[in-house]
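Both of the next two complexes hold subunit A, though its partner changes from subunit B to subunit C.
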Partner chain A sequence: MTDWRSEARLPDERIAAGRAYADGKVVPATRAVALLEAVLRPGDRVCLEGDNQKQADCLARALAACDPGKVHDLHMVQSGIVLPEHLDVFETGIARRLDYSYSGPQGGRIARMLYGGQIALGAVHTYLELFARYFMDLTPNVALIAGVSADREGNLYTGPNTEDTPTVVEATAFKNGVVIAQVNEIVERVPRVDIPGDRIDFVVAADKPFYVEPLFTRDPAAMTETQVLMAMMAIKGIYAEYGIRRLNHGIGFGTAAIELLLPTYGERLGLKGRIATHWALNPHPTLIPAIEAGWVQQVHCFGSEVGMDRYIRERPDVFFTGRDGSLRSNRAFCQTAGLYACDLFIGSTLQIDLAGHSSTVTRDRVAGFGGAPNMGSDPHGRRHPSDTWMKAGHEAQGVGDPMLMRGRKLVVQLVETFGDKLVPTFVERLDALELARKTGLELAPVMIYGDDVTHIVTEEGIANLLLCRDADEREQAIRGVAGYTEIGRGRDRAKVEELRARGIVRRPEDLGIEPLDADRALLAAKSIKDLVHWSGGLYEPPAKFRNW
Partner chain B sequence: MAAPMAAGTDPRALSWYEATARQRVAALADPGTFHEFLPPTERRMSPHLPLFDLPRAFDDGIVVGRARLDGKPVLVAAQEGRFMGGAFGEVHGAKLIGLLRAARDLRPAAVLILFDTGGVRLQEANAGETAIAEAMRAIAELRAAGVPVIGLIGGRAGAYGGGGLIAGACSRLAVSEGGRISVSGPEVIETNQGAEEFDSRDRALVWRTMGGKHRRLIGGADAFAADTVAAFRAAALDLIGRAPAFDLATLEAEQARLEARIARFGDCRDATEIWARMGVNDPDAVPAMTTASFDETVARVAEAHHDAR
Partner chain C sequence: MTDWRSEARLPDERIAAGRAYADGKVVPATRAVALLEAVLRPGDRVCLEGDNQKQADCLARALAACDPGKVHDLHMVQSGIVLPEHLDVFETGIARRLDYSYSGPQGGRIARMLYGGQIALGAVHTYLELFARYFMDLTPNVALIAGVSADREGNLYTGPNTEDTPTVVEATAFKNGVVIAQVNEIVERVPRVDIPGDRIDFVVAADKPFYVEPLFTRDPAAMTETQVLMAMMAIKGIYAEYGIRRLNHGIGFGTAAIELLLPTYGERLGLKGRIATHWALNPHPTLIPAIEAGWVQQVHCFGSEVGMDRYIRERPDVFFTGRDGSLRSNRAFCQTAGLYACDLFIGSTLQIDLAGHSSTVTRDRVAGFGGAPNMGSDPHGRRHPSDTWMKAGHEAQGVGDPMLMRGRKLVVQLVETFGDKLVPTFVERLDALELARKTGLELAPVMIYGDDVTHIVTEEGIANLLLCRDADEREQAIRGVAGYTEIGRGRDRAKVEELRARGIVRRPEDLGIEPLDADRALLAAKSIKDLVHWSGGLYEPPAKFRNW
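Entry: the complex of A and B
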């Protein structure tokens, strides 16, 4: 007889072992290590919740403090490698295999550990791709998650930073897994039930509130006039021409400058209501002026942003909020919106090669992908038309029956020709290739593939890759906006002028933009304090962003 | 593109924090009255920076000249914080000292120093340090001769290092919220004493310790200006009118003021404790206060008003 319940009995055994350290479902932080040692088995697949924003840090510390004699060889399947503990567990042998998505601040250390062979790496994923694998071949046995509060039944309030939690719990709780949540406080009644209590097996009362990184705050005081110029070109040369209403922005200063130019420069161009109305976006503080000026109809968020909670509460017509008033974010749904329902992704990168491939990997840092490739790719499963998508599709196709045409999502790279410390952005060969060779990866970690990129915007101009008809034209279009980098200086001048005549390469003057007009005075807010004023005092910036 | 794309139409509405040194001087002075000494066309540049393969500025990061302020003749020096953080090098310092010495003969109604500096330029440390000392001596001589020296502080770089020392030698100081006055900068303190002593990335801490509001409340600065050229102009005119005499009585009063200050607040761990002890009702609300309500708070604080300096 086949035993159809051998796996299904496992959670009961694990939960029974863990109950020894719990009062009902509730476990004090001091007993978190003992709880994990009781519940975890060697070789388990474990999701330790953490992404580019919130962290189940109390549980991360507890896991790192487990006895490697009892808990070892875990297979970590998690969005973010962000905290030191996320890598400590690989040094002690508690964990061995890793499948993940994002590793911003630990990028240097993870690269060294990969070179050193301390981590058996499965793959680096995009968020949505990793979430998808939670439901196929990377389903967690145990999930360690974070919430704001819980009642004694385990009903969980995840608060504005819901992020990955519903996805992780869905995959674990419904496939014989055990879910352990850390919460900032145990309450009589949660403000709203984000996760029903019957999916939560243990609730750990954390010693301090879970950490959230203010990753999406860009200080307007640090924006340069070059960034203002590039933002003007993007608005006039792309947003206005394609009539982009549904979009996602990356986290760089260039896109933040676009947000701050909407109520000023965008207003003067008469674009209000015609562009940038629907967003898949975290609550960027730099979007406040555009919201207050009536540009933005709605915003769905992957997560929240430190200091924005009160503002969001007072703008429920714009943001997705619960009956309790606070933001409801959801990374999986917002990534899906970014993939299928946005007509434009625009973001920055560290390196672009002559085919338009881009990467944020350098020789000694593996930053991972996060969600950018989900937004920054053309989804072949899309079927609904929009004017923007159709126009881009026509430009890409050139010939053939229009009724059988695919549209195209616009994927725009907004980069200065030289990045930080005057390192050229345009390169012959991505560092990602060298890294893949050294670490034995089968695939080089490419953030956005060249065939998904439709436009590159630099301070020198806009290259429209949709209109290029062969690889040589693409290369010259890219060289044509690469400024004084080696790549830019290697251009075929006659060919670039020909591309310019065809509107494939466009300079600021071709767009009717005078570079001397690119003044910081155009920014709707020039400082974090200006953003506070725009918000009517509702935005409460963290101390590291305040100069008052 | 239409002409008024860039700045607003009224130059005096310009943000002091955002403006360049030349924009500040041009908008501060009576229209058309500023005449620059050793302008960029003279190309008096640093002789040292090429040794370090560093770019130079034609004015070495400082604008000096004469102008009129509400009809009165003044001499003006303005540091350009965007060039090497407004730091003092040999030529930069010599231009300021030359201006201060010229004032002894020209006897203007005042000398205005528009600080925007991180201190001495590391690449020209000896010349820079000498310039700080010579500038302080020149200010003392000038004040003794009856010419007030007014410092205006509201630029991105603040008035740090030797700039903070020179500011301390001035007759009167005006500061805006964004302006900072100190000697050792936040990063220097953190490097020497640790992040527990002073976390340089906690910008709110930096500003409530060194920023304009704190300096005004403890009497380190004598006027608080909104972040516009117009507000700094009004503050400068006001301060010229009430510059203290530079005599033994003033110096003794200053010594007494500083001794009383350290006795009263020396054990405080945070600026908010000082404000509370001064009788500010809601110290935590001070950083977010508007200029108008902050002015009201200042009016009620005794330490903010004194004749010393």
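Entry: the complex of A and C
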């Protein structure tokens, strides 16, 4: 007789064991280690919520403090590897296997631990892809998550940083898993219910509020005139030409400069209402001037951003908010919107090769992908047209049966030819390939493959890869905007001039842009303080961004 | 001074108007028309929940009964156009614009209304794509949804058919919209909270339980030996060869036959545990024998299926269930899993052309796509390898830099060379193109484009399109399995034999399958009654499938 409840009985057993340390569902922070030791079993798949912003840090410390004799060989399945504790657990043997998406600050340490064999790596995913596997073959047995507050029934208020939480909880709670939430406070009644209490088994009253990284704050004071020039080219040569209304911006200074140029340069070009109206974007402070100037109709957010809460509350026509007034973000849905409902993804990268493949992985850092490969890919499953998408499709397909014409997602790389410390962005071969070889990865950690990239923008110009008809043209188009890098100097000058005549390579002057006009004066805000002004004092930047 | 709450004030105004017909949040069915007339405004974007199974039918009738003088020019944004009322509203002028995904029974009427100009069609989407737009540019102002029960605070129990509801509600409730739920009953306490009450504004006590279509029930008694043969070829020639563990099956008899052959033919081939362990699938009754025989580790569901409730409750190790014991389905997450976490999609279609493009649209029916284009596409954003996926990638890419080798999703079309009424499946030109021309669609309603299809299985054999090196080889591979259709008879026999020698076209005998062995005796269940037996009496088929 088959036992059809061998897994389904587990939550009851685990919860019964955990109850010894709880008052109802509530557990004091001092007993978090004991709770985890009671609930966890060796080999469990565990999601320790490490989003790219919000961190379940109290539970991370508790997990790292568990006795490896009791809790060991865990398989961590979480989107962000951000805190030191996320890797400490691999050193002590508490955890052994890892499947993840993003790692900013820990990228160097992960690489060392991979080389050293301390981590058995499954794969580096995009966010949405990892979420997908939560429902397929990487379902967590235990989820350790973070919220702002909870009531005694476990009803959870995540506040503006909802992020991954509903997705993680849904996969875990409905597949015989146990969900433990740390909260900043236990309250009588939560301001809104982000997660119903019947999906939360334990609530740990954390010793301090969960950590959130201001990951999307770019100080306009640090923007260069090169970035202003590139932003002008992107707006005039891409946004205006394709009439891009629905879009996602990456995390860098280049795209932040575009945001700051909309109400100035964009306004002068008469583009208001015609471009950049609908966004899949975190609440970037640098978007404030465009919002205030009436450019932005709607923004759906992956997560929130430190200091933006009051501003968002006062702009409910623009952002998704709850009846409590605060932002409702949701990484899974925003990534889905970025994949299927946006016509443009524009971001940056560290290396681009001659085929247009790009990566943020270097020889000694495994940064992870986050959302870029998802949003920076052409979704073949898309079936709704837009003028933007169809125009890109026409360019890509050239001739062919007009009734079988399809659209294309615009995927733009915005890079300076030389990056930090004058390291060239354009390379013969991605460092990611060398890293894959050394660590034995089956699949090289390429962020965006060349066949998905439609444009590369550098300070030298725009390469339109859609119009290239073979690999040689693509290579020369890339060389043609690669400036004084070795790749750029290796160009076939005659071929690049031919590509320029065909509009495949475009210089600032071809776009009617005078490089000398690329002045910081064009930035709608020149400092964080300016952003605060634009917001009418509603934006409250974190201390490290205040110098006044 | 900009008014930043012109939209955000609307829900309060609408809710205040609706309260006249409510006791708290609760509205009797008799006042549903008055409620809708009070809440709706001309031009509103409205999601009238029409999933592919569950229907908010009480609210559909109420909407159709509204006074077009008060409620008109609505823009309907809903995944399913299934009930007559879904189209009635376009005849009376209550609705004018339509964006949708799927239409089974109403496909003919939609086509006529499109020709007649009664519907202003936005686009025919995939489910996930439409959900994506809910968060971008098709956010509903009002959502009319369906649940099993609610308490007086509006906490909603959707029961096993959760389907689209959480996604629709999230987009609407957090973007200044109003949510109205019809429920079968008002209760003191819901069995579990599928949607928190603070996202639900009104609860309509419906006059009868909402309608659910048993869309995924395939009677084994109707399966033919041709389908058994094709299922054998798929299992031996594709599932076994690629070691497919994570997969999605389409809705037809062909894939249901595969499900029924796993515990018999699959067992004989020694494949148990090596294939078909993790599924993104509705709870198909035809999967019961494979589950009972221990083949299936986990199934995540888009929706539920009529009659499967008791069975699912007793198999919580396999299905995602709530602590109340019943299924928790979720179309958005299951589609995401189908896109990014499955290695195989296999389904059927009505027409395939010489490039492998396929469509279920015919000259007089616009059926919609549902999930097929999403799950039947190669997601370029995928970054986790599997042996299956990498093997397909190697076949597709042939030679090339091994470090830049990528995987490929397997997308299989399982079709008989002649369909219903002996209409040929293989055609020179898809009827979808003619329909697009006549209705002025910008984008032809192609279900799956040829470049995403990896294999075509017919009763004549398997065409492996991954191994084809140019368009001519693809065409001959397709002709080579197109049997006695005109397309099949037009093959270049010598070329097809060459393709066969290279393993691109494979006949049953090439796979070691004797067509005479393709006997209905191989079906683990030969009738619905057999399925009930397999389930130990837990499966309770709807009356129309009972003949004993």
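Criterion: the second predicted complex is superposed on the first by the 548 of 548 C-alpha atoms of A that agree within 3 Å, B and C clash if a C-alpha of one lies under 4 Å from a C-alpha of the other, contacts with A are read in each partner's own complex, and residues count from 1 in each chain.
The definition used in the following text is that contacts are C-beta pairs under 8 Å (C-beta built on N, C-alpha and C of every residue); 3 or more make two chains touch, one makes a residue touch a chain.
As the structure is a computational prediction, the values presented were derived from the model and not from experiment.
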**OP:** Using the superposition on chain A described above, determine whether A:517 touches subunit B (first), subunit C (second), both, or neither.
**Re:** first
Original post:
Is A:341 contacted by the first partner subunit B, the second partner subunit C, both or neither?
Top reply: second
**OP:** Figure out whether A:544 sits in contact with subunit B (first) or subunit C (second), or with both, or with neither.
**Re:** first
Original post:
Any idea whether subunit B or subunit C touches more of subunit A?
Top reply: C
Subject >> First (subunit B), second (subunit C), both or neither touched by A:333 >> reply: second
**OP:** Please indicate which partner A:526 is in contact with in the superposed arrangement: first for subunit B, second for subunit C, both, or neither.
**Re:** first
Original post:
For subunit A, which residues belong to both interfaces, subunit B and subunit C?
Top reply: none
**OP:** State the interface residues of subunit A toward subunit B in the complex, per the touch definition above.
**Re:** 221, 265, 268, 512-514, 516-517, 519-522, 526-527, 532, 537, 543-548
Original post:
Of all residues in subunit B, which touch subunit A in the complex?
Top reply: 1-2, 5-8, 15, 17-18, 156, 177-178, 201-207, 211, 213, 287-288
**OP:** Please name which positions on subunit C make contact with subunit A in the complex.
**Re:** 2, 4-8, 99, 122-126, 128-129, 131-133, 135-137, 139, 155, 167, 170-171, 173-176, 192-194, 196-198, 245-246, 278, 280, 292, 294, 298, 300, 314-318, 320-323, 328, 330, 332-334, 336-337, 339-342, 357, 369, 373-385, 390, 401, 403-407, 433, 436-437, 442-446, 449, 451-452
